[in-house]
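A, B, C and D label the chains in the order they appear, each numbered from 1.
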Amino acid sequence: MIKVGIVGGTGYTGVELLRLLAVHPDVQLTAITSRKEDGLPVADMFPSLRGRVNLAFSAPDKADLTQCDVVFFATPHGVAMAQAPALLAAGVKVIDLAADFRLKDQATFEQWYKIPHTCPELLKEAVYGLVELNRDAIKGAKLIANPGCYPTTMQLGFYPLLKAGLVDAGGLIADCKSGVSGAGRKAEIATLFSEASDNFKAYGVAGHRHTPETVAQLQNFTDQPVNLIFTPHLVPMIRGMHSTLYARLTRDISNEELQALFEAQYADAAFVDVMPFGSHPETRSTRGSNMLRLALHRNGNTVIVLVVQDNLVKGASGQAVQCMNLMFGLDEGKGLNQVALLP
Amino acid sequence: MIKVGIVGGTGYTGVELLRLLAVHPDVQLTAITSRKEDGLPVADMFPSLRGRVNLAFSAPDKADLTQCDVVFFATPHGVAMAQAPALLAAGVKVIDLAADFRLKDQATFEQWYKIPHTCPELLKEAVYGLVELNRDAIKGAKLIANPGCYPTTMQLGFYPLLKAGLVDAGGLIADCKSGVSGAGRKAEIATLFSEASDNFKAYGVAGHRHTPETVAQLQNFTDQPVNLIFTPHLVPMIRGMHSTLYARLTRDISNEELQALFEAQYADAAFVDVMPFGSHPETRSTRGSNMLRLALHRNGNTVIVLVVQDNLVKGASGQAVQCMNLMFGLDEGKGLNQVALLP
Amino acid sequence: MIKVGIVGGTGYTGVELLRLLAVHPDVQLTAITSRKEDGLPVADMFPSLRGRVNLAFSAPDKADLTQCDVVFFATPHGVAMAQAPALLAAGVKVIDLAADFRLKDQATFEQWYKIPHTCPELLKEAVYGLVELNRDAIKGAKLIANPGCYPTTMQLGFYPLLKAGLVDAGGLIADCKSGVSGAGRKAEIATLFSEASDNFKAYGVAGHRHTPETVAQLQNFTDQPVNLIFTPHLVPMIRGMHSTLYARLTRDISNEELQALFEAQYADAAFVDVMPFGSHPETRSTRGSNMLRLALHRNGNTVIVLVVQDNLVKGASGQAVQCMNLMFGLDEGKGLNQVALLP
Amino acid sequence: MIKVGIVGGTGYTGVELLRLLAVHPDVQLTAITSRKEDGLPVADMFPSLRGRVNLAFSAPDKADLTQCDVVFFATPHGVAMAQAPALLAAGVKVIDLAADFRLKDQATFEQWYKIPHTCPELLKEAVYGLVELNRDAIKGAKLIANPGCYPTTMQLGFYPLLKAGLVDAGGLIADCKSGVSGAGRKAEIATLFSEASDNFKAYGVAGHRHTPETVAQLQNFTDQPVNLIFTPHLVPMIRGMHSTLYARLTRDISNEELQALFEAQYADAAFVDVMPFGSHPETRSTRGSNMLRLALHRNGNTVIVLVVQDNLVKGASGQAVQCMNLMFGLDEGKGLNQVALLP
């Protein structure tokens, strides 16, 4: 059994980790920390876990996380980098669901996240946890930077096109839409039900932290300089993410060839579903599951890729568990066979 | 033109007052106070008011509210009682949308609201602003205690039955459901979209502040001792309130007589719509309008009254404007002719 | 492996059976019928099942359901009674998720469902599939009448009170609220998003088919004549059911004794969670899971029981799988360990 | 008083016309036709209109629409062209909210709408009812083709850029999102609450009827050949439309100049609100009102225009009333001063 610790179990990625790990056959939940909720049974905060998770939150200083085999950080940016070095030194593997290790470039990190990086030496060692594009490195990793939710959809959607040198990397557009849970479990007026329901808006159009992360990764796939316009929007639904990606073809290719390209790319990917050309994936077809679905469209020399996922599963906690499975030599789908909840 | 001031214009009852008063033909919006938002144009906070309300919030100490003819308090409990005495002394009428003057009994107030009452001498003078049951007193009032949202539905639903001595006042049940805006515009986890959407729950079953208010008022209609079981629930919708009222008949009466009783009672009430016997009023039929609709059902010797309203209009700000109209000699429906937004 | 057939797999209880059975370790999905969709791959209609269910719908006359070990009917009322006799004769077990076998009394069935019963001789043989109250009979059953969604909550909530003779069986009130999926996957204006969203209403107050079913079952628990007022309401959420039950105590009992009564009653019930006295269960704490949760409240001599479940799982398809497990000698929770999706 | 007839009053644009016209000071509702609902009081179908609209639906053959001054067609495509010639001949003005007269080119109409056009001679006479771009022609019009909802946002967003020759007309992208009411009040599975709620998807990406309408209009503003990629999506909200428009600048211009360009263009437009550069308009800021709001963003040489409106008001019935006002010499905002419903 893998002994698992979770730092910061009171947010949405934390409770989602608990939902998945509570039924994972090879996992033993060992410790869950929360500074504020020390002593509170986890199931008192999340009644969905009554009878399934019997742990209580413990204060960070009381939990001996070094007894764990792996520790997930479901925390705000900055927490993982403070604790990771000691855990790694003690032989504990670390999976950070925040952004502390996503950017290889320290200056870029500090520019976008407005905090100094306290262990830049780990940036090189950290492995970016997008399984479908990075499987082998993840298998041997000790420290995982779990990808952002938007970046997951943009990378898996653009990757086959960039790798094949088919499109203008300097003119990528990603018009993305996220459910409200992406904003986290923080008491804020903008995400109150009465503000976010029956409403739609863009946000952060001038600059979103997922842009540098995505551009840096996309740049790995092509020699052309990547330029990405990323426009996030807020959808009145709890879970779900839909990215509408636009790329201009730079050479002639048939729709059948495009489709074949994507199907070949993801033939072995258990959690990427390439749907028939011209179909319209719905976010609910992934609700609660680790599946990402995409479909191709064509309008003249523009390729449109529609990508959907559950932002809390493939976009966060499910992806983290997928990484954990690989790090411990398990089948990457272990404990992740939930069928999407539809309706 | 009536010069209107609003204290606390940043919550939902405040912005709803602004929506209604911005198009009221006899009103001149004169001052809106907010401690936190001093100097911020109102329309910057509420873009729905761009081009309609040109005022900025002003700090309470800067706003000379004594220049107003009437001041609405759309504030947390406790604010109105601190400022009302001075305003009244200056000849300004006061309408409090909170609970400061709803309970005639000081001890009951202090028990339920956990704060001392600072001007108990005004409790007697204050007029309870439920227009349909109190019209004449409101016309002459200087200080209005605007009713709570739930109490409005419970009183208008039970009143004809109690007044006619038809039911057991000691066995009333009100199973009530409210949209989330009833919880106000406060940053709280429980009313986040991701918590309150796609969900239903009861709350405050052990005791809700609207119980003593309702019981005190219902007791005015009958000599029997009133006992009320009030169970509030939270509905994943922004606006709307639905009360399902149960009362046991203590003497024989036909359905036709029951229906006639209610129709007669509310024949002159522009904002109470007695629907056909056996129909099912929908909250959306009142969305954005000041109308309250109700319908009667019968099961053996139990009368079931279904009552709907928009909790922010007839349940709060619309009712307050209705009171204001009467206090200034206007038709009570002035500025309140909005048709409900359906769909 | 249990070979399973499903008649009528295109509605919500059908696709929910598929979601549950696709990951059930002892089940082999063998046939799914649909008159209209003959030949259509199931996953083309429900993309959530892509890669999970490889069957296509087949026309009823083409599917040899007698090769199955058990057949579920997820059909409108009237279909199961037409096909059950032949299947039973062929040794196939039958679980009907509709109402064909729920009422023991043929006349009552025909009065409420407006169709003649074509195999009344099976009414006696049929076992009512409410596991927690009927476990032993279900183990030996060949024909299961799976309970209605509302009746499940009302029975499990009222049962301990009636069995203990604590309450006035002649004055029960159930104020119930259901998510919209309870209305099924039928093209109807009343359940369109633009009609049912941001809205709340009661329906069927004059008489709902779940009343005779519930009253007949409750009557089994007490010698007093049962009278039930049942008021269903429609909540703007997809899944979830919340029943607020009111019963008047006829003898003195402490809150602690009440709580102990319920805890003892359901001590062995894996899918009934008796929450702490005075708590407020939320429907989302059961979303997608087979758990039913309840909590007790007290107001004078009235007991209030709050009951929540997912109407499509414990209220329909999950309960049916629970029955199947028992009928085939499996642990009743096999394949039903999904943790509720929260948020 | 303008005598108004409405053909097809049972859909969402029909009931929205009724909501607006019921309080329009210069309008007398005279006839509302519905083939199916002959004799049914309008307020029985739409209880929001109880006490406000006292008409009953009448069968088309019973209603003498020639007694009206103007007739609105809130009908499926094809109805208006069958009845408009006779009405126009009788001196009645006609406003069609469907597509019968939106396309000047008969062949294009027939290609996209799959029905023959029965009065192509009226296509030339029909005036496209986008007030802000066509005010003078509308004043003198007898037959109005009311614009589609999406096209309204795309035209008002792209117009200043195209007219000023600032952008590449051959590379326009419109990523648009609509509330579900845009699909109309038709009983269809895809728009059921349980299908469309808590979900997001694109639809019609391969070709939507609003593309030829928009391209034809945009082509009027520029000599360059227009090419538009239009991607519609469905948002789980009742009302509201958000268009995210992308255009590549072909010459240098500062953000301040861009902003000034839009502000100058719409300086006299009572219903177009140019928000500050870089802001994020929300659909709810227009809910129930005739206002369209837009804001500009810039990313390198790409201009991003965010446009929001209520699809049923400025996107349909409000725009039609705005046209009517002009056709009858009234102020274009008469009866359209509703403040958006927020929250």
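Going forward, contacts are C-beta pairs under 8 Å (C-beta built on N, C-alpha and C of every residue); 3 or more make two chains touch, one makes a residue touch a chain.
Not measured: the values here are computed from a predicted model.
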**OP:** Considering only mean CA positions as chain centres, point out the chain farthest from chain D.
**Re:** C
Original post:
Which listed pair, B-C, C-D or A-B, reproduces A-D with over half its contact pairs identical?
Top reply: B-C
Original post:
Just curious, how far off is chain C from chain B if you go by their C-alpha centres, in Å?
Top reply: 39
Subject >> Rounded Å distance between chain C and chain D, as computed from the means of their C-alpha atoms >> reply: 45
Subject >> Inter-centroid spacing, chain D versus chain B (mean Cα positions, whole Å) >> reply: 36
**OP:** Could you list the positions in chain A whose residues touch two or more of the other chains?
**Re:** 12, 179, 181, 185, 194-195, 197-198, 236-239, 281-282, 284, 287, 343
**OP:** Show which residues of chain A lie in contact with chain B when the two form their complex.
**Re:** 12, 179-181, 183, 185-189, 191-198, 236-238
Original post:
Touching chain A in the complex: which residues of chain C?
Top reply: 12, 15, 19, 22-23, 46-52, 181, 185, 197-198, 238-239, 273, 275, 281-282, 284-289, 291, 293, 312, 337-343
Subject >> Touch list for chain C against partner chain B, complex >> reply: 173, 175, 177, 179, 194-195, 197-203, 205-206, 227, 229, 231, 233, 235-240, 242, 244, 246, 278, 280-284, 287, 297, 299-300, 302, 304, 306, 308, 343
